[in-house]
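Following are the structures in question.
In what comes next, chain A is part of two complexes: it sits with chain B in the first one and with chain C in the second one.
On to the complex of A and B.
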């Protein structure tokens, strides 16, 4: 493990940024933050979560897939993919780091998505343990340890120091870059920090939430439950939950006539939208109840059924803060889950 | 990285023939600019066709894999991409990618069995591929019955091929029906599910259905009342799709993705899915 004074973190950022683009959760005012490319003067957000998750870095909200030029009856296809080279992202929380695994199982399953795969291969993910988990956090429900955040490098703020530990080869290379700015240290301070975090996690209001009653094979038990009507009643279908969600990965593919050919791009989409499944001959999810149910059934039943029990929720709590009608996955789990959630 | 194959980047295709099948269905023949088949496929699989600037959509490949020269797509005019395709002329380039989805088990579960194909309207398009595959490898299958119906005789797809080829085959019986009586039509009149019951097939066969959801539902009910087990009945689904590879989330039903786990499903598999297709 290596450490430096936390107040010197900007020196670490500057050193990394000399080598490759560096993204950090930066303050945007209003106690809010977003992942942005670091430049001198940008300050690390000390709160927990950014408004949008860092999935943007691997699966951008909008990206070009391919370009076309048409002339008469002919079409020219241009591959617009480019390797933008290595980059680093610093300050990823344990929940968001886990979300990359959830996304990997979608995008890196054959046939793999080369747009996503390229960014994943190029990225060095530096995580940051949550010294002060918040009341909307429930990562523990999904087996995530906020004190052991993972990624290529794990970091902890312990006392006046920030301590780094490499988990992968890419992580070791990252520590080499910041080598001169850091010094070797024991794991004592980190161990104390982990214990402190574990105590806080136990005391959080959602620490008792369980996945009991959910998981693969539960479709029959849950799909026709009457409670879906009540749970979805207030849903506006605005899609905010899917946009801030680190694991939501549904996308749309559309063509844009640029005036100089056609750009085929993809962008985030939401199963909460009425047009998501609309076809020429009808719509298989006609009401918001069905669309609402799809989102939660996918996260809590269908996805784990296809992915060795891994849930497509990491308990980051973003949807708890952003839903305009205060509906969220915790309420769904409490209502429909097993006795342990009563 | 640019050295990866990327399925979302399509290949070029050229429309080399346009056949007007019915007032709203045309069959398009597609090859690569070099005049070859774009890729190999199996009966029941689909391809994404697109018109840059208009959009991309999934279509079943109606030609049989045994046709090594070209692919055909029977397309009903019912949306942006299909409207545009219906106005396309021979020589028009489009884009194509695929093949996508799980095919009919023509070489495993179907092998050695009597076959009953039941189609309604443009639902014949995906079945034509498997029917012609079974006709090509005729000795591998038993008796073949084909029940096909549409709104009117003018709406019957592939009429020429049915009359000139299918009805002339040995041990292939074709049963056509139209919804309403019309002048000049001496064949059967009535809906497909009822006609299937009237024809009264024994259960020593595998049934393959495709048509409007309501037709599939009533035909399946009818077959079950005739004693068919759900394990003997196959169908092919259609839901909205964008990627074709189980990632965009659109065609997700239960833990299945119609684009990659389907579009072909056995009736007992369908029964285990939530009723959202």
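On to the complex of A and C.
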């Protein structure tokens, strides 16, 4: 493990940024934050979560995939992706780090998504333990430990220091980059910090939330439950929950006619929208109740069914904070969990 | 003056339900925490007793829900409306989006709604309880002593600049009738008007480039009542799921502001629901201010029926160009 004074963190950022682009959660005004490429003067957001998760760095909200140009009978196809090379992202919370695993299972299983894969391979993920989780946090429900954030390098703020520990080869390379600015240290301070975090995790108001009643094989139990009507009745059908969610991974691919050929792009889509996955025969989810149900069934039943029991929620609490009508996965789980279809 | 609490709302709702005057009640349901209140439809007394809440987190304007919810109900629907919400419902009546006969409006007083983001900024993460009305006691995980905050200090911007405590539509009122207020709601618009064009462009670029296209502003807006928006219609060719550049969102927001101009009551839902805290209401207020200056004072939703400045013509109407020249000369 290596440490430096937390107040000198900007020196670490500057050193890393000499080697590769570095992304950090930075304040965007009004106490909100987002991941942005660090440049001198940018300050680390000291709050808990960015509005949007860092999934943007691997699966951007929109990206051009390929360009087509026709001249007579010839079609010219251009691969428009820019390989940006290695980059680092600092300050990823345990929940968000886990979300990359959820996304990996979608994008890295065959057929492998080469756009996503290249960014994942190029990234060094430096995580940061949560000293002050929010009342909206429930990562523990999904077996995540906010004190063991994972990634390529784990970091803890312990007293006046920030302590780094490499978990992978990429992580060791990262520690080499910041080597001169840090010094070797023991685990004691980190262990004390982890204990503190463990105590807080138990005190969180949602610490007793369980996944009982959900998981693979629960479709029959849950699909026709009457409670979906009440749960979904206030849903506005906006895309806030899906766009702030670190694990939502649905996208649309569309063609943009530029007047000088066609640009094929991919963009996030939301199962909350009425035109989502609309097909020639029309739409198979006609009301907001069905769209709402789809989102939660996907996270709590269909995804774990197809992914060895892994849930596609990491308990980051973003939807709890952002939903305009305060309807969210916790309310769904509390209402439907642990009961049989009647 | 009698202080109106959620108990009064619950009594009123149960009363009207049992008398058969209404068959459903649109109000707010208690959440996991004190602040995560959700709009909800109640049909029985027990649900109302246990679930109905009215506190400083009931900011959601319920009037738009009537457009879709009222169809599902036989008979009349009771809806609790705060003063500013009643302007929205009048506008919906004017536009024939909601049938007046099917609605039973109970006007409820409002002392201003709290903004949980402001509370969080003041006390930090880990809010486990918020109680009180004018003085809020905020309990957190990280402090043994609750923090005491004045509601006035953590109020939503729209409430700080409240335009009216008067209910402009109701079947009955709980509490006393309020008055139209002399608000400072155009101050911020004037500040932006005084900027140079470059500064103004930079201001809006900074704000609007944070937009994540979630459409919450549109979906919460009581003036946006198309049940399928053109932006959700794949056949429209303007689905606009991805921006051409990072500032393309300006087009969406400016067009939307024009689209609701003359109909926007300045309820402020657009800014309340924005997950990125973009002050979208300023676009609407700019248009309201310009219309006031060009065509005379007008408040959308003040009454049912009539014509708005943009649907009416008189020979005395000002020209927008003259207005800008006059403003430039004054400056």
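FYI, the second predicted complex is superposed on the first by the 334 of 342 C-alpha atoms of A that agree within 3 Å, B and C clash if a C-alpha of one lies under 4 Å from a C-alpha of the other, contacts with A are read in each partner's own complex, and residues count from 1 in each chain.
FYI, contacts are C-beta pairs under 8 Å (C-beta built on N, C-alpha and C of every residue); 3 or more make two chains touch, one makes a residue touch a chain.
Small disclaimer: the values here were computed from a predicted structure and weren't measured.
Following the overlay on chain A, a side-by-side fit with no clash is recorded for the pair chain B and chain C. Of the two partner chains placed by superposition, A:96 touches none, neither chain B nor chain C. In the superposition on chain A, contact of A:79 is made with chain B only, not with chain C.
In the overlay built on the shared chain, the residue A:265 is in contact with chain C alone; chain B does not reach it.
When the shared chain is aligned, chain B comes close enough to touch A:305, but chain C does not. In the superposition on chain A, A:244 makes contact with chain C only, not with chain B.
After overlaying the two complexes on the shared chain, residue contacts for A:148 are found with neither chain B nor chain C.
Of the two partner chains, chain B and chain C are each touched by A:252. Touch criterion met: A:111 reaches chain B, while chain C stays clear of it. When the shared chain is aligned, no partner comes close enough to touch A:161: not chain B, not chain C. The least CA distance from chain B to chain C in the superposed model is 8 Å.
Overlaid on A, the two complexes show chain B and chain C touching the same residues of chain A, namely 252, 254, 269, 278. Touching chain A in their complex are the following residues of chain B: 1-2, 4-12, 50, 52-56, 78-79, 82, 89, 91-95, 212, 238-240, 242-243, 245-250, 252-255, 274, 276-277.
The part of chain A that touches chain B in the complex is made up of residues 65-66, 68, 70, 73-75, 77, 79, 81-83, 106-107, 109, 111-115, 117-118, 121, 216, 219, 223, 249-255, 257, 262, 264, 266, 269, 271, 276-281, 284-285, 290, 294, 297-298, 301-302, 305-306. Within the complex formed with chain A, the residues of chain C that make contact are 31-33, 35-41, 60, 65, 69, 117, 120-121, 124-128, 141-142, 206, 210, 212-216, 218-220, 228, 232-234, 239, 241-244, 272-273, 275-277. Those residues of chain A that touch chain C in the complex are listed here as 28-32, 34, 47-48, 51-52, 61-62, 132-135, 200, 203-206, 230, 233-234, 236-240, 242-244, 252, 254, 256, 265, 267-270, 273-275, 278, 320, 322, 324-328, 330-331, 334.
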